[in-house]
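Pasting a structure below so you can have a look.
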Amino acid sequence: MSSSTTDASLKTSAPKASAPAILTAAVITVSDSCARGERKDLSGPAVAEVLKEAGFRVVATQIVPDDSMQIQNALVHFAIEVRFIVTTGGTGIAARDVTPEATEAICDRLIDGIAERMRLEGAKKTSFAALSRGVCGVHDKSLILNLPGSPRGAVESLEVVLDLIPHALNLLEGHTEHK
Amino acid sequence: MSSSTTDASLKTSAPKASAPAILTAAVITVSDSCARGERKDLSGPAVAEVLKEAGFRVVATQIVPDDSMQIQNALVHFAIEVRFIVTTGGTGIAARDVTPEATEAICDRLIDGIAERMRLEGAKKTSFAALSRGVCGVHDKSLILNLPGSPRGAVESLEVVLDLIPHALNLLEGHTEHK
Amino acid sequence: MSSSTTDASLKTSAPKASAPAILTAAVITVSDSCARGERKDLSGPAVAEVLKEAGFRVVATQIVPDDSMQIQNALVHFAIEVRFIVTTGGTGIAARDVTPEATEAICDRLIDGIAERMRLEGAKKTSFAALSRGVCGVHDKSLILNLPGSPRGAVESLEVVLDLIPHALNLLEGHTEHK
């Protein structure tokens, strides 16, 4: 739950001095056809827009093909810069869908409950949500979230878990209470 | 969502010429007592019946004991012949229940959302559905689904995910749209 | 599903003669600050109280720091003595939260449906339940359940799965019907 003050300061790009701005995000579009320039990436910009409206500063976007090493490299690279990395695409069940495996490969831990909620809420709109294999995990202090490849599926999946993200980022920064 | 045309052609065993019939299935009953002939297998035939009614051609059935290697061998063998392999039995939490582990051992990837839906829907009938550990996974282009051992549990679990299967098989064949 | 007779006999500590009392439990509080004596452990006693009311004989409680090896040692040690081991704490997403990993490390198998139900029911009270990473697993014939660290979260999570535990313990003892 980002406070409105924080949202405002991020939206106007006010300098944050010493404190790291945790509401920073990057969006990775995973798609062979978009990477080859054969298709316009609609999902990445749609996801970035939702993030901005929620108070995130989206500092980077990138398109990578459905290649596990390239996905892993992009994730690890962005995790140095931002606290929240969202991918769109490659979460299906076909052989080329490798985003979940690439994400798991570089994550220290997974948060099953977030993926579970995306599928549960998604199932209210389409039963095919059960076939989405996207995961949510932690790499160092960054949270990584896999969204489906379609613009609508990506935005809807993001929206049903977005309220959890600022709290999760706080916990990853070490701001816990009952310890 | 198999079309009624497809259903009809499969039910009458019309020749499929060059196109592979993706609605082919095999049923494996996993049970020590059935394998020893001490108990009649009711679950396997019940599951096969549901598959036939849904338009699948059930080309093989087999009874194997609760032995991981025998389960794995049966799965890998049937995956050459059919696109959908259903197991019944061995999904509980006792030491002899090894079907999920055997399935995971030979799967390229798991589809958690399908197992999740079986438990969710099952919980509406009995809270013990939470103890079912059945998984759903992909081996090459074949989908494998673990069902509980009781005839009723097996049939009910299958029915709540059956609408997803033809679509999933299409995706495994490489028929994707938004890539 | 403990019978009232069993409850009574356990509550009055009546001798169980030859039959092993399967409704035996241990509670492990996982917390750095409690282990250092800086904070009073409220969750452990609250969980123990719920277990006693449900007919369990709580034979041991222990406080350990958020250290994977110490958690594993406590789990393996208690699994010799009791059939149900409950932990509270260390299930969050921060770096120090290692209870799920420690539990998985010593479990023969996991029961995803139980963790799933805790999150599902928990989500009805707070959306942050999705961030709880607690697992449920089997070590030998003992069931291990991870609960959140807050007294309220721990008690509520336990209560939503408590009806499954005696049945699960029976299955682990080898009392299965349809095999």
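We just call them A, B and C in the order they show up, numbering each chain from 1.
In the analysis below, a contact is a pair of C-beta atoms (placed from the backbone, for glycine too) under 8 Å apart; a residue touches a chain by one contact, two chains touch by 3 or more.
Because the structure is a prediction, the values reported are computed rather than measured.
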Angle, in degrees to the nearest 5, of the Cα rotation that carries chain B onto chain C: 120
Equivalent interface positions on chain A and chain B, same or different at half: different
Whole-Å separation of chain centres (CA-atom averages), chain A against chain B: 33
Interface hub residues of chain C, defined as touching at least two other chains: 116, 120
Residue ranges of chain A in contact with chain C within the complex: 108-114, 116-117, 120, 138, 161, 163-164, 167-168, 171-172, 174, 176, 178-179
Chain C - residues contacting chain A, complex: 31-33, 66, 92-96, 101, 115-116, 119-120, 123, 127-133, 149-150
